[in-house]
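Two complexes come next, and they have one chain in common, subunit A, joined by subunit B in the first and subunit C in the second.
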Partner chain A sequence: MTPFSRILRTDWFGPLIIVILAVVVIRAFSPQFLSPLNIQVLLLAIAVNALIAYAQMMIIAIGQMNLSVGAIGGLAAISFAGMMEVWGIPAPLAAALALLIGLLCGFVNGVMIAVTGISAFVITLATLAIYKGINLGITEAQPFYGIPANVKAFGNGSLFNLIPLIALPTLVAAVGLWFLLFRLPAGRFILAVGGNEHAAQLSGIKVGRTITLAHAISGFLAAGAGILVVARVQVGQPSIGDDWLILSFAAPVIGGAILTGGHVSVAATTLGVVIVALITQALVLFNIDPFLVQVVMGGLILVAVGINRLRETRMQALKRSV
Partner chain B sequence: MDVTPIFEAKNIVKTFPGVRALKGVSLSLLPGSVHALLGENGAGKSTLIKVITGVHRQTSGQLLLNGEEVSFGSTHDAVAKGIGVVHQERNLIPRFSVAENIHLEQLANSWLRPVNYTALNQSARRWLEELNLDIDPAMPVSDLSVAQMQLVEIAKALSLQSRVLLLDEPTASLTSSEAANLFTILRRLRDNGASLVFVSHKLEEVVEICDRVTVLRDGDNATESRPMAGLGRQDLVQMMIGRAESGGTWRKRDSAAQPVVLQLKDLATSVGHKDISMNVRKGEIVGLYGLVGAGRSELAKAIMGRFRVTSGTVEVAGQTARITSVADAIHKYRLGYVSEDRKTEGLILPHSVLANAGVPIWRKLSGFLGGLRDSTVRRAVSPYLEKLEVKTPSLAQTVGNLSGGNQQKISVAKWLAAGVQLLIVDEPSVGIDIKTKAYLHDLLRELADSGTSVIVISSDMPEIIALADRIVVMNDYRIQGEVANIGTYDTMSQAIMGLIHRDPHRAQVA
Partner chain C sequence: MTDFARRIAAASLLSLGLAGAASAESDSMIALVPGGPNPYFTAWEQAGVDAAAEFGLAASDFKVPQKWELSQQNQLLESLLSQGYNGFLIFPGDPVGSISIAEELVANDAQVIAGAGCFQDPSPAAFCLGTDTGNSAYLGMQALVKSFGEEAKGKKVAHFTGFLVDPNTQLRIDAVKKAADEAGIEIVQVIADIDAPEPAEEKINAYLAAHAGNIDGIITTAWVPSVVSANALRKIGDKRIHMVGIDHDEVVLQAVRDGFVHGTMIQNPYGQAWLGSFALDKLRSGCTVKEDAPFIANALTTKFIDSGTALIDASNVDGYVDVMREQTAKIYDGFEASYLSCN
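Let's turn to the complex of A and B:
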């Protein structure tokens, strides 16, 4: 195989081409598209959305789905804001505790799925309601407004007036997840269980623990996204996370993830997030009703799944012809 | 015998709630030997394998490794003691590299030590060389052929220092040259002192490669660890079923004068068939032989309207037929297909016998407003269920609770009730014991005698030779040729293998 055809076969190549094309096209129509301010706005959206997408990606990797990503993110977000406002806990500690809450929520999901063998869809559907319910019980649907100045500064700050500070945790998460999934046995177990659970088990991998680990990481990442949203919008809204579900699946799928498990790509998922952000931006720049974003995202999922399917069947045909 | 056994199972009893699967079975394996483990379905073969590999723990009895008693609480324990197994279904992670698959077991010990892929590849190369397998260890397993995947699994077992290696139906999906290559490797492993256990339904292969044999029957030893020398295929069958093979022999049938029921001309399909031409006459049994992956089931499904025909013509009873859906095939052209995978494609397991047998004729029987009455369906299907001697307490019985043989009878019965003129039967004897198989063969012959045309798809050469009037050989989604069956195994098997390897470019080498 030549190096070039190797690149063609990677998951990130297709999305990258789309990103470059989209940037070129949008720039041609709208000169202010690549202004530092606009880039910053784009990166803000990408930073939060990437964490949401990673949270789902970890579960797609084991061949399951997590409907409670948004509920966990929302619960962590209001916990973070509430702990600072009501109890006056310093921001770093509140963030750490909120992350812990997310980790715990995911852990509970994972343990229930691993122990009972009930499908992740059903379990996370139930915990979606429970976590969201706890959120509403605590907030009584009222936002927390008392966000400390240092959190606001973090949410507004940027490096070189270009890269928002809240993109930094996302960057760390991306590198960390790549290392986990492709270099550490723990991550390999997650992909192995997703690829062929029975074979993984026969090779001595502890399937239950692996499933629990993936869900705990997913909860942790969702909580991280929730905290970043609070820092960005500077309010602890109880509704944070309500609209994450479609995006969380869209980005990994655009990035070529296989929903039956065993194959995900951090880079391609990130590019998936970028594509969604670019299209959202384009709709705004072209004065198209932003409410149409959902329609576009749904269409994108269908196109991406179609392309993945095509790639798969072509690969099989190719294999047979050699 | 002065060689001491490397592994022994003594008086193994295994009970499940309500069933005594093993009633005191023994087995002893010698180093440097290939040991056949035979038995019909339900004889306890797979239970014994599961006990030996640590999936189940025996209820009583001993496992001895080099004379010392061992106890396996999990598959991991068995592996650690050097008991390797290559299962019938592939147990590899498709997107992982060959090297990582081989070493997954070793990686499973730690969660956080980074994986060193360079070292992994290097170590994998050694095991691949041992098996003469010239593939890049960094290649994903999903890019390999089935035969290569199987060798990777053997490499995986070897890398774990397996002293005993169980191979469960290793040749089920291999071409004959791939199987021959596998046997060469197995013989070399044997000569290097490995103790191999070979489980197979293909008795010809067992006779060829094994030097010792254990036969199980109804959870007991029919024979325990005796040398293979002097035993032939018939002796093995006799030990397995407790008597000589009865019925099920080929007889000459002549349908040359009958009209052609199905004619395919230069057919190509959306799944990749090319230049498919063949015909089936009224009352004829045509065997469609080929290896797993040759495209036989896919061809059957294309005929049934499940896959699209892209060029060429299909004629049913002399008329050009455009079959675009399975409903068309059944109702308009009276074709039936008994799937090889009766559990997922052939039957609706949680439904009753009556519902399953009636599915294809519901449309025909439905009356006012499409209403359907049980009594109507019962009247239509009962004669066929009786004729096939389906053993069921009642027609309301859930099909999933019946034996494999009875399930197969129901999947045939439903097509008889539908009054098909051509029945395609895909791998009819998978998962059925020898007695039921002979019975099923008689049934298909009777069916053909009464005027129904039958296409039998099988990878089991003795079965095809016992059944078919004419054998069409497929390979790689093409027809390689056809031969009239004369019923003698040696001549026919050579003719068939000759056809499979007719085009040297297509002969695959693992």
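Let's turn to the complex of A and C:
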């Protein structure tokens, strides 16, 4: 197999081509699209959305779904902001505690699924309500405004006036996830459980423990996204996380993830996030009628998924003919 | 906690003490029920406490459904009815869908008023007490026009607004356009459905990154877009772009103080709940709504009372709570004589 055909078979190749095409088309119609400020805005959106997508990707990897991603992110976000405002806890410690809360929420999801055997859909539907309820109980729908200057500086800061500082944790998370999934036994176990739970169990993999681990990581990533949103928005809004669900599935699916589990790609999921961000930006830049935005957005996501699926089908046909 | 929140908390404690000291003169138990959690309604809680103390009500309690879902609001209302509440100020989760629950409440001898949003006529609600959203947007746009001075004609303005499913959004879009057309200003783009922090951040920042140099002003007619736009202008450091926002979020008020935002159109949620509690108690005590009451008609009802709106700018930003109270006092004076018939 030549290096080119190997690249052609990767999950990220199709989304990458879509990204390149989209950038060229949008740039042709909007000269400001590739301005440093706009690239920064784009990277800001990608940084947060990628963590949200990774949180769902980890659960898709084990063949399940997590409906509570947004609720965990929102709870971590208001915890982070609230701890700083009400108790005056320093930002790094508050962030660590908020991440711990996310990890704990995910752990609780995982343990309940593993112990009871009830579908992840049902369990996370219930915990979505619980985590959101705790959020509203704490905030009473009132935002936390006391975000310290160093958190605001982090949310507004950039490297070389181009790369937002909040993209750095996402980068670390992406590399870490890739390493976990494809270089460490724990990651292999996650993919094995997603591919065939029964076979994984017969191979000696502790399925319950693996499911719990995946959910704990998912909660941790969702909490990270919540913290980044607070740094970016500079307010601890109780509504953070409310509309993460569709994006969390869209990006991994555009990136070729198989919803039944066992197959995900960090790079392709990241490119899925980039595609959604490009579509969102394009709709703003091209002044699409606000009442048609959702229709166009949905249509373009379908096109992106379709192109990637077409590439996969062609590759499979090619493989069979060889 | 913000200064405003501290003041509210202190006032709450004081009021609770007073309420505890005074025995209730009325058996009215009022429930103030929004459609779901939103910072806009926070002022309802304090207004209820104040109204209970002022009018000697048995209670005027703020009760929030956990989610913006009609079914959750309906369940909460039924539960409150069974707990003995007999007067309801309701933000209808749906102008038509909420009518059946209002009918159920009235059938059980409770009084109902719509607050902040209206039921679609015909409904059993005595009347609707809320912001004339179209008028507020119109006045906000006029304030923006005024901020441009004599060179307003030909300016370009972007409009950022809230949920498209909210019928008020279209009213706001139309009102802003009307005021802009009258002044010869072009609304270059309307970005809607951004009443959540993440999409608002993404879309407003993307818009400003591409078009900040091409616009002269921003008008926002929803809570979150106002907050995000105020932050974005602060981040860009651009005081050339004039902005008029909506509501009294601390971020927006601080941006007004710092000169990044020209002004914000406050609504009067406090007055809605305070006057609503008063009116519900009156209706329970035998008053009826006057047939010739000077109601305003809007898209949903012919029994609308404007709870008031006002521009808060650098000159009055530190006294905006007083502005709300003044508006409330203004409507309260003569409210009974104008709208109610009491023997």
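Here, the second predicted complex is superposed on the first by the 288 of 322 C-alpha atoms of A that agree within 3 Å, B and C clash if a C-alpha of one lies under 4 Å from a C-alpha of the other, contacts with A are read in each partner's own complex, and residues count from 1 in each chain.
Note that a contact is a pair of C-beta atoms (placed from the backbone, for glycine too) under 8 Å apart; a residue touches a chain by one contact, two chains touch by 3 or more.
Only a predicted model underlies this, so the values are computations on that prediction, with no experimental measurement involved.
Partners subunit B and subunit C, brought together by superposition on subunit A, fit side by side with no clash. In the superposed model, A:L128 makes contact with neither subunit B nor subunit C.
Of the two partner chains placed around the shared chain by superposition, subunit B is the only one that A:G204 touches, whereas subunit C remains out of contact.
Applying the stated contact rule after C-alpha superposition, one finds that A:E140 touches subunit C and leaves subunit B untouched. On the chain A superposition, the C-alpha centres give an angle at subunit A of 130° between subunit B and subunit C, rounded to a multiple of 10. Ranked by how many residues of subunit A each touches, subunit B and subunit C are led by C. Using the contact criterion defined above for the overlaid structures, shared-chain residue A:L184 touches subunit B, although it does not reach subunit C.
Touch criterion not met for A:I60: it reaches neither subunit B nor subunit C.
By the touch criterion defined above, A:A98 lies against neither subunit B nor subunit C after alignment on the C-alpha atoms of chain A.
In the superposition on chain A, A:A81 makes contact with neither subunit B nor subunit C. In the superposition on chain A, contact of A:I275 is made with neither subunit B nor subunit C. Shortest separation of subunit B and subunit C in the overlay equals 33 Å (C-alpha atoms, whole Å). In the superposition on chain A, the residues of subunit A contacted by subunit B and by subunit C do not overlap at all. Subunit C meets subunit A in the complex at residues 1-2, 5, 36-39, 41-42, 64, 66-67, 164, 188-193, 196-199, 201-203, 205-207, 209-211, 224, 227-228, 231, 235, 249-251. Interface residues of subunit A facing subunit B in the complex, by the touch rule stated above, are 179, 183-186, 188-189, 191-192, 195-196, 198-206, 262-263, 317, 319-320. Contacts from subunit A toward subunit C in the complex involve residues 30, 32-33, 35, 37-38, 40-42, 44-45, 48, 85-86, 129, 132-133, 136, 140-143, 145-146, 156, 229, 232-235, 237-240, 242-244, 277, 280-281, 284-285, 287, 290-291, 293-294.
Listing the residues of subunit B that touch subunit A in their complex gives 75-76, 79, 87, 89-96, 100, 104-105, 107-115, 143, 272, 476-477.
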